[in-house]
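A, B, C and D are the chain letters, set down in written order, and residue numbers restart from 1 in every chain.
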């Protein structure tokens, strides 16, 4: 009965975020059909297929690429597999959405970019903050001139607890700055343009057990944009009180401030105190943004529009994050 | 492929809220299938059926009641039709969800109650505020004793603009207090128990054009609960700045305050001023609550649980709202 | 050495608020000199005189009235003495500032008004909320038309704990509505004009021990203004969390909301919670307003200006509060 | 009549802040007497003397030092004169309060320290933020362990507009980082201990006219504390929306956040917007803190207590600010 054109999407990767995307593609986004799922974990594949009536399933992404009934792939596999998966999807001519970070290695990121360019396929980078209503509204107001020229950019990202030691291992995560700060680096570029140089300080201050794999848990990164304007990013694993994501644009005529931390619209007022709860984590904070991001991806593919976040954006955000990681280690200013 | 049991729901009424429920039943709620839709407006039926692949369609609710493949009906038709539609659905043995208000006439509401009782069907009243995270958390904290005994209840409802003069006509809407205040009356009872008496004042203060149909646009209702505790509800059509819904419970050991008015997590800070936007209307404020409400309905029917909001709740909230309407007109205290 | 003209003020009454006024008159207000103090309590007189180098002291107000070196008197004695003290000061031709409430009896209030009129002296009524920056700014914005026409007035007053049973005794305090609500009644008139009728509900809900003297601890008062506009005041002794004073003006083009409850500019953010402290009581909430009020009084007397708050304002606010007290007792609407 | 011992204070410097201190010493602080004032500007001396009945006046600070009736001096002269004035006061054996910054030159600051040590006089450094209720409460909560160990310090200072070009001249102001950031450097040390190294970025981004004297208008300073913990300070002259001073302590068990920007307790709510005003400038934001600071100074001298903020604190904060200024210029990390 449905005459509306839907994008047939193959979802590769069924981890925590993969399952959110499965739900979004299958139910929340009118313009997509979750047509195939693949993951190394056959049980996860089975479960999601049952949950959302997914017709085609596999433990091998290649099966999805080879399927002519699939228009586009959404890649949410571990970062270390991005290159292989993107190359396979690109070679098969699929439209591609790839979750951040593109890679933790610049060489690999550039290889991905080449593969995409060679194949000439549509590629949209996943940075969901751009689809958050707050971040998006700030961009609109900035472009409308609401604060004159933005001259200082500030961004804060706070996780409420540390990841597992295994996850934090810089050999797979890239380390704190790449793993968490890549979002801040992307937003920095989106609002302010290219970064020319960075400085950074960091330390392992709250979770000594992360020392086993050589990661840090707090960092402050200073940015000098190509325009000469300034930025500062601070990242922590010990947000403790909640998942707190903030950004500010300090302009010549005003300031824009993005963020919130209250989860439930309830104030509890007891003797001498007013209190409220907090946003638990990224799934809650960015639930709408994740959905909006894939909805945008589908619309772009279906309507032949250019992606708002390109493979270059993935490469350049990574370049900044890698430079900041180096700067943190060396104590020197690093040109991006 | 899907082995999970889903509730086959027939949706009766495809107005503004009906369309939200259509989307929720078809896509947001894993445990429901939007199996049938009916509305007098054949074009609306056609459109929704196409949008969500709905197999059974009709311009007559009776077609839905007669369909053995339909387990439950969700009724979002105009209030004046509630009695006929509920009676039809009850006679057919369907599980019923009925949107507020049950009726604008107590006689009719009691007739609905009788029909439900006679048929012995499952009936859940729609009062979505109870499913809002803030209102629900306040109830939980209250029951946990976070504020001792609640002794004063306050509730505020503000529409950002007036309805059409036609809609406002008390002959169909019941007038301001029944139309808007029924929610506050329900929450009052949920938190505080039965209402013993009411007083009310009101006036047509902002929109003289509503005088054509004899409605008012502002009211303040004082409540005396059966327990001797106090309550106050204020309602306005001239919220102007946004859709603002607040409630407070003043206890012997603390206070609970529910509500929020900022829509986008962005502060715009210009010379001498900090500003943010506001929640536009009920669709935005209660989007999650509407979905949660139908999800709860489906779970209750599927799992054989009692409804959390009964036909009696619909009757009693209406009784309070009617008494308040009389009190506003007479200037006298009215026993409920 | 000082050539600036200062007003020589005699302060009558050295209770809790009297001591604040002593400090303000002696040190905070450049245009006043605390020239005399009187109180039945000789030790208090002695102590204040030492603290602020006050030359003239007495345990009898008459000594202050008779002193030709005194230009003006500030009266902060118990309400029951207001009539005698004002009559004495008026007969002596002193400019008078009298703390709220004027009286708890309308007859007495009218007698005070007559005495002031007969003597033709300057008389300024004390209602410090009008000098709070928030309340004053709301009045300015209202008069500027920032919200169009104000059609609904709301006011909330919350004490953080109950007074002593002795203090609460309605024979001296006038009862909850006169004692606490007189401020709300004054602000109601200031913003909205005269009150035509009131309804009220109330109860003894949190502190049964106040039953010994027959007072209540919570009340809700509905106001119908002469203009037909509406108002609602709620008052409680069980604020518990802090001293919370709020007001709202709901207009045809917007809303003004006055109030705050955070005392210290510090947020304490711990696992899953954000919290702040609260304003303890009226001394902290209205410290600036009390000073500004006396500074305004002095300026008015020195410069020959009319008082912004007259004896009539004292009479009329009392009239509303007495009517509300009667309405609460009778359950009937009372014409003011 | 007054038997209470008061500290006889000579106030040196009657500029903007000097006049605030004059009022505080003369009227707000019960334990001080404004016994003498001196300033190069004879008219200012005359005016303040008249306003507050100050007996001894001079255009030469030396006259104050030589006066045996003066117990203590409060120095609020231009920074460039601090050395000479402090040396004079110290040699005369007066107790000294000196406004920040001690100097803009480390050599001069050390010379001041030596002079104070040689004379053995009481010396209290002026850093009023420590006396703000928010900053002080954060220190208390930190010391009580409310957030575990503080591992990251953040501080933000925003002026609402630029100073005059003449004032901004780094030859007299020390440049942006010393002029504004000295407060943040002091608070950093107070909360977190000594700073080991700094990095900084800065630029002239909003007010090109400050280029005439070689100053910048925005800076971001990264701090590495001797403990290995981290800090970041951002400073701007283009706060535009208001005077915004914030600090945060990110701990292993929670976070403390200090600051506020709403001046008047009034929300103005118009179509689609909620807005409030902002704190204009430091006089408004820190009015109470300035008073509390001098009250503390007087109490310390009268009661023989050690100063809470020493000349060393003045030297060390300056050392950090100078290192940050160098780091901003060189782009290199600078060891403090």
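Here is the rule we use: a residue touches a chain if its C-beta (ideal position, glycine included) is under 8 Å from a C-beta of that chain, and two chains touch if they have at least 3 such contacts.
Since this is a predicted model, take the numbers as computed values, not measurements.
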How short can a chain-to-chain path be from chain A to chain C, counted in steps between touching chains? 1
Larger contact count among B-D and A-D belongs to A-D
How many angstrom between the C-alpha centroids of chain D and chain C? 38
If you average the Cα atoms of chain B and of chain D to get two centres, how far apart are those centres in Å? 57
Between chain A and chain D, the Cα-mean centres are separated in Å by 42
Could you pull out the residues of chain A that touch at least 2 other chains? 147, 240-241, 253-255, 262, 269-271
Residue numbers on chain B that touch chain D, as the complex places them: 240-242, 261-262, 269-278, 280
Flag every residue of chain D that touches chain C in the complex, lowest number first. 1-4, 27-28, 30, 49-55, 132-134, 137-138, 141, 146-147, 253-260, 262-271, 277
Residue numbers on chain C that touch chain B, as the complex places them: 147, 149, 151-152, 154, 158, 199-203, 205-206, 218-220, 222-224, 228-232, 234, 236, 238-241, 250-255, 331-333
